[in-house]
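Letters A, B, C and D mark the chains in the order given here, with residues in each chain numbered from 1 onward.
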């Protein structure tokens, strides 16, 4: 696979502009931090661009999506400001083979709900407590080179019940100091697209600067990229002739 | 479980009114035939009503859904006439525990696509050919008492690729005289609801009069009914206090 | 389902006889406590017997298995004293439809390993720490009426990685005071049989006297019982005639 | 992934030596044909050796397995001549990360049954009928570049019910001229190892000379090869200290 994986890192980019303590952590936005870490870790195996909510069409034009192999998505406070037509477009792209990484509060994004079909609700508590991210599938490529557990010193708690379909592959389960557990690393396959949900990454904590977390996201980008022969269109519903094989 | 399962059999009821050869097969509509077979096969274990597209709110008022344990859905030519608000309501009901049986061309219904998140496209050919419905999970309750295979003398072909998420349980796989195969009996769990897709049942053939097919649908109604302790509300996203278990 | 479910509660019954602190918790053996709780909770919906390692054929004669719908299994220190021929017999029974509940350290029993095909290894630490058992599938019948979480004040830690095949259904995930997580409530389907692994129940703690735990086991007995039409034989490999359906 | 995948193609090699019509199809044995096709298709991405039943230790010494990334297995008439100790060794190797391709009648091999835990029985009829191999997961790497369907002009029929655990991924479903269907392309993950069962390949037909079939096997070799960071040992059951993360 000599061609680089074309990654579009999408960021809502609201907290980073409006809240000083978030801006202190991510002066250029979380999307910039994620994009940078992918380039550092994956080098010429990726070609990374970013896009944000406030750009025209949220930066997700047909042209951009046509040149995207994997899309990462971070949103939280402005899910409802994402245009439904753009959600339709991203939905079609994922069914057509574009990989999607839904990060942290993207569990409530329109695109994640659209793809999964459930409420994607969960328990939460933002109290800066220790999260341990345990690997339950050590041979999974997304877990390659990841410590067992990843220790996140302070994070928002996300806990069960997480209202998602049963994941096609469950990679990570977190525990929190308060005792909760969470299926925080889940793979789904929808159409020709691969989807990975990864729960670490609240805007109040410097989690995307943590090397272990960056490694998971880089692994997931490589896992979610479509192979060269994956069909890149949403399948239609063809009428088959009577003697197609004669 | 002494209380009967409350079943609402929903029918689009367009072909039956507009096409004479369909009306000949189902003079009171396919929904009536399905409803009748459930009552015959399950007796006082069910309480069955019907609802159709042309009724106010498609017959699916809040009151009706509140008294529904399992909803069966047949639609084809008028998917786009189903009101989006009603789809939202049914979607919430299924996530809240109402069982859903999606029958034949309901693979393209708004509610099925909403719950599964994929295009649900497939191959097809309406040429009246023999379908064999094979059980791939003989211990599954939906397959209880069902011949292996069910022989349907003439039916529309539905073939792979069927663009659905991997089913949580695969019960039946069909072959057709033309050589195609189809995952025609698939279970999905979404939220608190159980969903069963069953492919036999094109309007041009008397399939819902066939006892084996009726038996599958009756089994599926019993399988999809929520237990008495299943929560009947879409979960919200509660904030959990710090010391909830102290 | 008017016939009672015939349950055989199998206990290794070694710790209870040889260690005074275990005998103090379970004077008649853990099997007796489990059997008693099933009768109390399920009443005439079950008919319960017990069997132990030291009985002839470990109490699992052909006659007993032929009259067993669900077998529960607790073993720990004497896995290697279980006769391979009896394991073969139980294996065939499960494939033929007998439900199996593998309890706590039965993860390392011959029958569980035989059915799952993996090492079934895990992390452990017996330090009497708090375990919280969270429901990740609230609509699952095994979770009916179970608090979220079940709080076990003191237990042996079992932690990931648990080397099992991906469960067909994941019902419970535990956390421990030490921070570990564990997929402690897992469903598997093998042949015509349903298998439920449930991790609570170390011999050093009075866990089988805890009502919530008893409730889970009772629910699992009802879930694992074969339906009246489940085939009760291991399938053979039949030659099919050329024109079987002609 | 610059290192070649080390493949060991194992063949029972009995039919080829004892039956003239099989020898005519595979003068050097089916294993030689499979090995050759892998080298042709994958070039320097693989390093292929063969091993057969009659070699000491069936050619599967500790040294050979230690240098094997993917093992393909064809057996039929002599499953019971495979030494149990060698089966133990291969079982440990697969749990430790070695990929396994179980081909055709290897559904009844000791190693496949050991890994899956079920009888692996099926229906069959050797009547030289047309098989169509349909892709049900077009984005799966094992299906890359494979026609839909693969047409095999004459083959032994394998039909449902196939007594296997639900596959972790279902890639292909076949139909036969006689009307049966078969889940003939199934992925399983056990321990750190990936397993692919592929049903085409009866000794009476020149199926391993067919380019489409060769392509599937080559794809599966690449899919089943462990990543560079997959642990290559069967996990043990470690005691974890109380304050491991302190």
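Criterion: contacts are C-beta pairs under 8 Å (C-beta built on N, C-alpha and C of every residue); 3 or more make two chains touch, one makes a residue touch a chain.
In this text the structure is predicted, and so the values were computed from the model without any measurement.
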Common contacts of chain A and chain B? C, D
When chain C is superposed on chain D by its C-alpha atoms, the rotation angle in degrees, nearest 5: 180
What is the chain whose Cα centroid lies farthest from the Cα centroid of chain A? C
Could you grab the centroid distance between chain A and chain D? Build each centroid from C-alpha atoms only and quote it in angstrom. 34
Could you grab the centroid distance between chain A and chain C? Build each centroid from C-alpha atoms only and quote it in angstrom. 37
If a residue has to touch 2 or more other chains to count, which residues of chain C qualify? 132, 137-138, 149, 159, 161, 166, 179-180, 189, 191, 235, 245
Residue set of chain C touching chain D in the complex reads 95, 108, 114-119, 121-125, 127, 157, 159, 161, 163, 165-166, 168, 178-180, 188-191, 234-245
Touching chain C in the complex: which residues of chain A? 130, 132, 134-138, 148-149, 159-162, 166, 169-170, 173-176, 179-181, 183
Would you pull the chain B residues touching chain C in the complex into a rising list? 97, 132, 137-139, 141, 144-145, 149, 151, 189, 191-194, 226-231, 235, 245
